[in-house]
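The same chain A turns up in both complexes below, where it pairs with chain B and then with chain C.
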Partner chain A sequence: MSNVLAVMPEIVVTVVATLVLLVDTMLPRRAERGWLALLTVAGLLVALVSGPFVTVPGTAFNGFVQIDTFTTFSRVVFIVLAIFAVLVAPGYLARHDIPAGEYYAIVLFSTVGAMTIALSNDLITLFLGIELMSIPVYALAGMQRHDRYSNEAALKYFLLGAFSSSLLLYGFAWLYGVTGTTEFGPIAAAVARTGLADGPTLIALALVTAGLSFKAAVVPFHQWTPDAYDGAPTPATAFMSVAPKAAAFAAILRLMVGGLGPLGTDWGIAFAVLAAVTMTLGNVVALAQTNVKRMLAYSSVAHTGYILAAVAAYRAGDSAGAAVLFYVIAYGLMNLGAFACLLYFDIEGTRGATLMELNGFARQEPLGALTFAIFLISLTGIPPTVGFVAKVFVIQPVLDAGLTWLAVIIALNAVLAAFYYLRVVVHLYMHETDERSAPIISERMLNVSLGVSALAVVVLGVLPDGLYAWALQAAAPLVLR
Partner chain B sequence: MSPSNILTILIVIPLLGLIPLVVFWRSRRAAYQVAIVTTAVEFVASLVMLARFKVGEAGFQMVESAPWLPSFGIRYELGVDGISVLLVVMTTLLTLISVVYSSGGAIKERVSEFVAAFLLLEVGMVGVFLALDLFLFYIFFELMLIPMYLIIGIWGGQRRVYATLKFVLFTLAGSLLMLVGIIAVYIASGAPGDRTLSLPLLIERRASFALEFQVWVFLAFALAFGIKMPMVPVHTWLPDAHVEAPTAGSIILAGVLLKAGGYGFLRFALPLFPYGTQFWLPVLIFLSVVAIVYGAIVSAVQKDLKKLVAYSSVAHMGFVTLGIFVLDLQGGVGATLQMLNHGIVTGALFLLVGIQYEKTHRRLIADLGGLANRWPLYTVFFGVFTLASLGLPGLNGFVGEFLVLLGAFSFNPPTGPGGLFWGPVAAIGVILAAVYLLWMFQRVMFGTVREAYRALPDLSPLEVACAVPLLALTVVMGVFPQPFIAIIEPSVARVIALATGGAVAIR
Partner chain C sequence: MTFDFLEMVLFAILAIAIVGAGAAVVLVGRITSAALFMAFTFLCMAGMFLLLGAETIAAFQVLIYVGAITVLILYGVMFTPQGSRDYGLFFQKQTPWAIVFVAFLAVPVMVFASSFQDGRPLARGGDLVPLATSLFGDFAYPFEVASVLLLAALVGAIVLVKRDDEEIR
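Here is the complex of A and B:
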């Protein structure tokens, strides 16, 4: 029974997903499905509340599952991101004739997978979580069945995702071969004894690093990102760009910082270099984009680099883990928000918004433009927004770990990023439409959820202490001792 | 509103002004009324602060301190001393004048947005001069950025987008490296759990900053402040930003934003990194003198009136940095006075150039001429501010530059050229300033007036009302500088003592 209670939030989300599918099939074909979103959100809220009430810290399922402050924290992150992703979707789904019930169910199943990653204490649970998180997202990318870009996105994402999963699994096999166990604690103990002395450990480490880097879209394993993000339906992109990335970093924290922590000196420097390359390449390529959706796709690669920099600074202790968690939340809010703002421009016959199509938006929809601008300023990392505080929290452990060069690269990258983010603001506020202004899509649910999250971006930027203190607690159990 | 937290009140007032602004968002008149009332109240509040300021004390006064980010060791800490108190009053005055002038018809489009940007800008500007925690300072420092970005980009001239992006990217490039420096200071300030960014605490602990560390972190700070000032060779954003900015934006940009750089040197860089200061001193002195001479020469050849005033700012800011880095009491006081004087005089010049442009729609000096015949009142104002800008004795510009030059002449470094070299070179800048400003005045005001300008009216009562307070300050500070020096001097002495390694009681 305690086993069941330990994973209660995951069970609730699974049940809600099934329920949504069932209700969806029972509804008549042409029925209004907007309220399915509310059912989904209600279910997610139940899961959110059930966490702290039911589960107790400790291991369950014979050590396959670990419930600690990190698990609790991550559950909240994934559920909040899922709620946000569901709330911005209904209008788009109705306009593009995408089956709403399936969409919500897929988001929920993927969320269960992400939550499973956060509670894994074993390679098998971890792999289960990663696959459960990834596979629904492949389907999500291809939800727009008659759109060839959507098909391209799904296929690319699926093939490269499957490839990376197999790399990861192969790495797990080597790891098992080297250590003789699949549980993180004993793995940590075993690699602490042997170090990287022998070839097989090196192969295992390389495969695992590459596999997880694929999932997090680290350069040079990022190639799937722009096409997958660009082609997928916009609300799906918003979800895809944050939740799988957050989940990938949960996996990295659990496995690399936890299980393979003793090898930190080896993967730490690799991650530091990868982080520098990732943020620089992401930003430089984003500079050249004129399509905002594609630009945001590349910029999300750059943000992977910032988060990875905090991982590379694992030596700084809990503040590094806390930086990863804080940045993941900040990134989730602002990036999901920025992609969701593109829903305003979901105009017939256009593929995402080009910069030109944003012209004059601030006059047509002042509040929408303001929220978009807040997300962009936060992504740039200018105070008083959560994006700024998140960067500070990342730079601190990076400097603390002695990676001064990486901190300087982060700062210079932020200037690059400022150019293309603020160029969007230029088009929103400083250019006028020359032709008759295209209609802007404005829905209440979209407006409200964007408004709330923009407010959260500012409030967390001014008062980040509670969240950061919580992130510090959540990071504490990561290092296995 | 208990008077014990007057500094917090100063930061909150512009934010409170946003509430009625949002309520009456669609009314242009209401927006201006809200703006004028808010900035006027803010100005009065800053006068209350000035009245409560105890002249003669060197340390921080009216200090407020509360934990803000306890798990990171960051405090919400505010305070004023002789260096910042007058800058705050100048800021609130210039903001009020800018808003009043804009309400006269200079800004007609998207007024509510304009007012919102201006109020946020004021929060950032006042906060920069009040913050005693480096983290808080950085937040206010950056808070000034986005509103000014919008002010130039939305209400600016032809090439406004280019100018505003250039302004933002230059500023960010400097300030983000400073952020890395700030976090490095944070880490160097103590063991984990005991770290701080509170200035008084950091000064106590600065002995633990290694020499090499000071060299690099000072460089990061100097880059941010140097770009903001701006110092040569990172000044190139300034002419573009000034030329494209609307008049109110130019006034604030020249009057206040540039001061954040010089103030940052005095407040943070010098006291925290005495060795770093000494290390970079020769470079900074050299760049200051280059700025004075180069700024003057480039001003002389400008065809565009607004650009001329912008480049003259580069020269004037050269005096500020020269005064700061000779590490001499007279130089430091002169630099602080020069910041105030430049804010008042150049702010006024931008105001007058803006008024002139509104009427004639010409900024090229060649297109103007003979205005003195048509606009006697305008000519008097313009003439006085021009003379103040070139440092005529009896007006405020003279006092600051004179003190800076005194400091420069007595500059005596262990190696390299001393004050007897730098002083005369800087003095050439004063002469050049007289040349280009008087020449400009002659070309704009005298000669034959163009037919098209004959019917244009002289200054309106509103425009006079905007310029008169600045004129009064120009004269008063020129004739009676002593009260101002008395406020500034003790705090500057403390900073100089800290920068030269002397032992001085903290607080």
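Here is the complex of A and C:
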């Protein structure tokens, strides 16, 4: 019984997913499906509340499941992101004839997968969680079936996702071969004994690093990102740019920092280099984009680099883990928000608005433009937003870990990024509406959810202490002592 | 002693068959032949499981992979138009690179894989009971997550291929 209680939030989300599917089949074909979103959100809220009240810290299911402060924290992150992703979707789904019930169910399934990653204490649970998180998202990318770009996005995402999963699984097989166990604790003990001296461990480490880097879209494993984000239906892009990335970093924290922590000196430097390359390339390519959706896709690659920098600074201790978690939340709120702001523009197909099509948006929809501007300013990293605080929290452990050069690169990249983010704000506010501007849609649910998350971005930017303290607590159990 | 020798011989035959048929799946031009070669690979894998003393898993391997999945793939081939294809996709022109990459990967695999420790050997008397206890007892959570994963994949697949409302009417 205590086993079942330990994973109650996951069970609740799974049940809600099947419930949404069932209710959807009972509705008449042409019925209004907007309130299915509310049912989904209600279910997610039940899961959110059930977490702290029902589950007890400790391991469950013969050591496959680990409930600790990190699990609790990650559950909240994934559920909150799913709630926002569901709330911004209904209008777009109805306009583009995307099956709503399946859409919400798939978001929920993916959320269960992400939550499973966070509670994994074993390679098997971790791998199943990663697959359960990513397979639904492939379908999500292709849900606008009559759009060629959506098809392309789904196929590319699926093929490269399957490829990266096989790399990862092969790495797990090597890891099992080397250590003779799939549980993180004994793996850490085994690699601490052997170190990297023997070849098999090196092969396992390389394969696992490459596989996880694919999932998190780290350069040079990022090639699927722009096409997948650009071609997917915009609400799906909003979800898949944040939740799978948060989940990938949960996997990196659990496996690399937890299970393979004793090899930290080896992967730490690799991650530091990858982080520098990732943020620089993401930002430089984003500079050249005129389509805002594609620009945000490249900018999300750049943000992967910032988060990875904090992982690379693992030597700084809990503050590095807390920086990853804080940045993941900040990134989730502001990036989901920025993609969702593109839902204001009624554009054929899945393509996002170009810079010209944003002209004069502030005149027609002042509040919408304000939220969009807040998200962009936060993505740039300007105070008083959460994006600024998150960058500060990342730079601190990077300096503590002695990676001064990486901190300098982060700072330079923030300046580089300011150019293309603020260019969007210029088009929103300083250009008059003209014949190139896209028609605008205003919906209550979209307005409210974007307003709330923009408010959260500012409030967390002014008062980050509570969340940061919680993130510090959540990072504590990661390092297996 | 003789039995060990026989086991080695059987293993070698099966291993060569698996790798050879696996390569044939990728290399032969006709997709039906590729599917049948894949069935042969699965069959040899079942032989491997038998060698390891896992009779039930070998039976499942034959039932599910050789039986169900191969038939499914052959049906898929039957239902899709198979025109002659005189072009090569990007990845089909990368044979030299693929050989280099495989060699690069295969050498360390051969060198290191033999260094792994043995797992715990199965107790004699059939593998059904240990299989059931580990699946529904020890591995209960991964087993359940896998079932949710299959459900999610099913929903995703149906969403992507089902007909539109207009087409039904």
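Here is the rule we go by: the second predicted complex is superposed on the first by the 475 of 481 C-alpha atoms of A that agree within 3 Å, B and C clash if a C-alpha of one lies under 4 Å from a C-alpha of the other, contacts with A are read in each partner's own complex, and residues count from 1 in each chain.
Throughout what follows, a residue touches a chain if its C-beta (ideal position, glycine included) is under 8 Å from a C-beta of that chain, and two chains touch if they have at least 3 such contacts.
Computed from a predicted structure; not experimentally measured.
Peer 1: A:H222 in the overlay: touching chain B, chain C, both, or neither? Say first, second, both or neither.
Peer 2: It touches nothing on chain B or chain C.
Peer 1: A:R145 in the overlay: touching chain B, chain C, both, or neither? Say first, second, both or neither.
Peer 2: second
Peer 1: Please work out whether A:R75 is in contact with chain B alone, chain C alone, both, or neither, and reply first, second, both or neither.
Peer 2: After superposing on A, A:R75 lies clear of both chain B and chain C.
Peer 1: With both complexes overlaid on chain A, does A:G317 touch chain B (first), chain C (second), both or neither?
Peer 2: Touch partner of A:G317: chain B, not chain C.
Peer 1: Would you check which partner chain A:K156 touches, where first means chain B only, second means chain C only, and both and neither mean what they say?
Peer 2: neither
Peer 1: I'd like to know which partner A:A414 touches here: chain B for first, chain C for second, both or neither.
Peer 2: Only chain B is touched by A:A414; chain C is not.
Peer 1: Is A:E102 contacted by the first partner chain B, the second partner chain C, both or neither?
Peer 2: A:E102 contacts chain C only, not chain B.
Peer 1: Please indicate which partner A:R294 is in contact with in the superposed arrangement: first for chain B, second for chain C, both, or neither.
Peer 2: neither
Peer 1: Across the complex, what residues on chain C touch chain A?
Peer 2: 108, 111-113, 115-117, 119, 137-142, 145-146, 148-149, 151-153, 155-160, 164-165
Peer 1: Could you please specify the touching residues of chain A with respect to chain B in the complex?
Peer 2: Residues 317, 319, 362-363, 366, 377, 381-384, 388, 391-393, 395-396, 399-400, 404, 407-408, 410-412, 414-415, 418-419, 422-423, 425-426, 429-431, 464-465, 468-469, 472.
Peer 1: Can you name the residues of chain B that touch chain A in the complex?
Peer 2: 68-72, 110, 113, 135, 138-139, 142-143, 145-146, 149-150, 153-154, 160-161, 164-165, 168-169, 172-173, 176-177, 179-180, 183-184, 186-187, 192
Peer 1: What part of chain A is in contact with chain C in the complex they form?
Peer 2: 3, 7, 14, 17-18, 21, 29, 60-62, 64-65, 97, 99, 102, 105-106, 109-110, 112-113, 116, 122, 124-125, 128-129, 131-132, 135-136, 138-140, 142-143, 145, 154, 177-178, 180, 198-200, 203
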